[in-house]
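Sharing a structure, written as structure tokens. Questions coming.
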Amino acid sequence: MSHSAQNIAVHSEPETEDHVHHGNYVKIWAILVVLLIISVLGPLTGIRLLVLFAAFGIAVIKAYMVAKNFMHVNVERRWVKYLLITCLAFLAILFAGVAPDIMRHQGLHWNNYAAKQAIQSGSHGDGKHE
Amino acid sequence: MLERFATGASTYAASIDHLIFLIAVLVGFWFLVAEVALFWLMAKFRRRDGHAPQYVTGEEKHLTKWVTIPHFLVIACDLVIIVPAILVWVNVKQTLPPAQETVRIFSQQWAWSFQQPGPDGILDTADDIRTVGELHVKANTVYHFELQSRDVLHSFSVPVFRLKQDAVPGRTITGWFNATRTGTFDIQCTQMCGMGHGLMAGRIIVETPQQHAAWMKRASSPALAASAALPSDTAAENTKIAEVRR
Amino acid sequence: MTTPATGAHAHAGSHGHEPGHHEVSFFHKYLWSTDHKMIAMQYLFTGAALALIGGYLAYVFRMQLAFPGHVVPGYGLVTPNRYNSLVTIHGSIMIFWVAMPVLVAAFGNFLIPLMIGCDDMVFPRINRLSYQVFLVSAIILLSSFLVKGGAFGGAWTSYPPLSANGVYNLTPLGSTLWLVAVALEFVAFLLGGLNFIVTTMNGRAPGMRMWDIPIVVWMIVIASVLFMASVGPLIAGAIMLLFDQRLGTGFFDPGRGGDPLLWQHLFWFFGHPEVYVVLLPALGITAEIITVFARKKLFGYRTVLYTTWATGVLSFVVWAHHQFIAGIDPRMANVFTITTLLISVPITEMIFVYIATLYGGSIQFTTPMLWALSFIAEFLIGGVTGIFLGASGADIYFHDTYFVVAHFHYTFFPSAIIGMFAGLTFWYPKMFGRMLNETLGKIHFWGTIIAFNMIFLPLFITGAAGDQRRIYNYALFSEQTRPELQYLRELSTIGVMILMTFQVFFLFNFFWSLKHGERASENPWLSNTLEWTVPSPPPHGNFAELPTVYRGPYEYATPGRKEDYWPQNAPITPLEEGAL
Amino acid sequence: MSATARSIANLRSVTGIPTARLVTWWVIASEIFIFGGLLASYVMHRLAHPEWGIAASHTNTAAGATNTFVLLTSSLFAVLAHKAADAHDGPKAAKFLRLTALGGLVFLTIKGFEWTHEIREGFVLASGGFWSFYYTVAGLHALHVLAGLIIMLVFAVDVAKNENLPRVQCIGLYWHFVDIIWIFLFPLLYIAK
């Protein structure tokens, strides 16, 4: 980045540049659909670890594939990637700060009896609070 | 220092006051340094004939030290504050000394009510003493309180004890205090709780063991129990307000 | 900046917006304009009008506190419910409808395109939409005073279950209107903020590197980023609270599987960065002013930027210090005490840099400079008292007392009000083409500063004496009815009246100077940044010829030059090349 | 915004990313926080309340899976539209855009049937914690789908005439983002039981 005056940074036609390389999108789509089928079938096995992976592990993989191949994050300017990662990091901070109070129903010198009652009464209903 | 503005009447009041004093000294020092530097520079470098401004980028080594050295000193001062602040916090909020007495505190729009064991010393029995707006406790006794709310958020605050804890509906929050001074003190609600927030006052009456025993005798005798449980002036006013709720 | 030249200069004139700048109707010129300067004025005047309303509310409840139970002249009797509405709407207005529109939106809109050397925002029409949404939100908020039950009175933090249930707050309509207004205001500032961020990233003049952007632009952009990142969870929370109020869900109702603490976390995850959203633009304005009037380069441009970023990031990990005693797990308080005290490090460093900038300067005490210096002096009080509240052990006592009130007014008043006056008096010549009267300006300055301290210094003491917040009458609290505390409350109220009286000087000065002030030249303060290279006020499209930037914004008193300033767009002449 | 009304600022590109795409990324970033806040709140409650699993068992996994498939496919169309736009084939890009919008429409239709069924069974917004989150999260997402498909149909008009082709990529980015949100909503709302 020089300070020379000749550098007029104006795009007349932004559309004429920065094309990405277009890969085989149908192939990506096919993989995504296969992953979807696995994520639906996985839970039918009933193995808890497998269910969790099928549900959330595959979601992460799918999201990664869409971001990488369809949104072209991999060939976008690098800071876009950093921006997205920063967003997720801040959300992780939010989660870490809030979860100790919300995700647990008992802590040091406090007891969330209302939530415990809700679990009690909800466990033998159909999940509906009347 | 705080004692000048508000009496301290619990075992941990002094430690909180000392912490506040420590912070006041440290931040007061930095405040003075900064203000003196500011006003001194303002006076020294005011526009005068024949004094041209200097070209200083702020990246010269011999000048940046004027910012970096205070910077590290501020970190040091932060540590000096963090450690006692946490120690006080751990003492007041995180550790519960073994209870000698336990009371239950209920908050609701807009009154405090209290439940404490009667002569049998056990909570949740028939002789429990329930009061509204007034809490009678013994001095020099470790009390645990179990704080609950029946509707919205409230905050149980006794300024002389340096005690403050929000009441959250759906939760029981346990804390402690140990009064060191007899007398009648204010209980405030310090969390916005609706129209009568400014009326949600209570009294905490710290008594000697003898006085307390006398009170308990009066309060738990069947004839007087009813009158003891009667709302005090405050609570009566609150009831009035509750009636005008639209 | 590697893109090819495409002859933008030739297009500069013809690329303007609507053809025919002359025959523009009043409606299109003042209300439907896409010109960033006009939108800035709209934000400025709306924010100033709301500041007067917020000030009036403050007058009413301060009168009630000084003379409880008496009829307040100009209002009437203050009932408990009305008192709650007054403090709630005062807080909401001052933060969301005064500090943000004036500091972020008005100055952001006016300064960013001018300072980075382009003709307008990247999305002028989204910019216009931003103001319109903002205006609607302000109208909705004010209309809540007129509905049945009155305006919302559950504090600006709007904690559920109080805010979620009309049975508890007794203002079922007011609370929903408040929530909708706040949510719309968030949308307005998201739209505006996106414009600020993208304009600054993409629309800079050729030659303007990251390190050549004036600090105030940086600060407004960083504030926009902080706002964008912090407000999302609260928008989600606002939707949940709205459903709780109107559609019978129980997100925050403990009786139905919800949790009231969740709102507090979502609110303060936004609420703390919001403090910096308001503070940073004021710090930026101060940086511009002290460099101009001390004729000094900023003492470490990069230091200021790094500390700003550090503050911004840290502001996301400190929010629970507002909740130390709110029922969160006490162990979490230790974490937040440490982070909170650490955030003081970059902020103090920034203030030190500002003070050090004066070193070796040649300081002119013009009105804007007085405002800028008083910002530093007063903000220091707000900063140091924050340490008491960030230290968990001390916060047990100070939480929700008037100490807190005094503390955050010592941060918000310098940011929003002093910062606003600093910016207004400094850029007034550029905005309106006339100079303000210096004498009136100084009378206004001293009156405001003295009155401001008179209002809030006593409140530190009443707070330390145990006065809790949001109480309309202390009669029932025997420890707070001590006469000396009442004297202090009255002193504070008298301060409010003096403060409001002195604003008359400003209003007169402002409107009188519009017509009769001395005509301003292009660059009355001999400043370096690009907005001073165009006529005052700048024409539609700003620059007759778009500038090219050759250097940073703070090259004052450069050795070897005749003038003691060096505009960012001045090319280096061969003569100078030899001298330097 | 027609090309003539663009500000010069809009035509500059100091970062090297065209302004429209740059702002799309920032919009996505702010949306991440809105959905993130909501989903974080949901996950916290969901993990702590086993009884919500009982409620979740009433959701229709088949409908959710079909909708995932529909959105994935429409994402494919969106990226194919981008490819066509890069090849300056406006009509083809417009065709793919409309197919994408059709995918959104199918998604909303399925969602409509699904919700009608659930509401008939008595599971409404106020039927308890899970259902409140279920309708709020999915409803907010559905609003994004609706907004996306309307914008896409509007853009398609210009694009068919070979005008404003870069917009195809921007609306595509947004659409993929909405797709990614659903990719997470599907297991969170339907599979975890």
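As written, the chains take the letters A, B, C and D, and residue 1 is the first residue of each chain.
By our rule, a residue touches a chain if its C-beta (ideal position, glycine included) is under 8 Å from a C-beta of that chain, and two chains touch if they have at least 3 such contacts.
In this text, all values refer to a predicted model and were calculated from it rather than measured experimentally.
Remark: the per-chain Cα centre closest to the mean position of all protein Cα atoms belongs to C.
Ranking A-C and C-D by contacting C-beta pairs places C-D first. The distance from the centre of chain A to the centre of chain C, with each centre set as the mean of the Cα atoms, comes to 34 Å. Taking each chain's centre as the average of its CA atoms, chain C and chain D sit 34 Å apart. In this assembly, the C-alpha centroid of chain B lies 49 Å from the C-alpha centroid of chain D.
For this pair, chain A with chain B, the centres built from the Cα atoms lie 42 Å apart. Contact of a single residue of chain D with at least two other chains is seen at positions 8, 11-17, 19, 26, 29, 32-33, 36-37, 40-41, 44-45, 49, 52, 128-129. Of all residues in chain B, those touching 2 or more other chains are 93-94, 169-171, 173, listed in ascending order. Residue positions 1-3, 8, 204, 229, 233, 250, 254-257, 259, 261-262, 266, 269, 327, 330-331 of chain C are each in touch with at least two other chains.
Under the touch rule stated earlier, the contacting chain pairs are A-B, A-C, A-D, B-C, C-D.
Looking at the complex, you find that chain B touches chain C at residues 2, 5-6, 15-16, 19-20, 23-24, 26-28, 30-31, 34-35, 37-39, 41-42, 45-48, 51-59, 63-64, 66-67, 70-71, 74-75, 78, 81-82, 84-90, 92-94, 109, 151-153, 155, 157, 159-160, 162-171, 173, 184-186, 188-199, 201, 234, 237, 241, 245-246.
Residues 93-94, 96, 169-175 of chain B are the ones that touch chain A when the two sit in their complex. Listed in rising order, the residues of chain D touching chain C in the complex are 1, 5-17, 19, 22-23, 26-27, 29-38, 40-41, 44-45, 49, 52, 125-126, 128-129, 132-133, 136, 140.
Chain A makes touch with chain C in their complex at residues 1, 3-12, 87, 90, 93-94, 97-98, 100-102, 104, 107-110, 112, 114-115, 118, 122, 129. On the side of chain D, the complex with chain A involves touching residues 8, 11-20, 25-26, 28-29, 32-33, 36-37, 40-41, 43-45, 47-58, 61, 65, 68-69, 72-73, 75-76, 78-80, 82-83, 86, 122-123, 127-131, 165-166, 172-173, 176-177, 179-180, 183-184, 186-187, 191-193.
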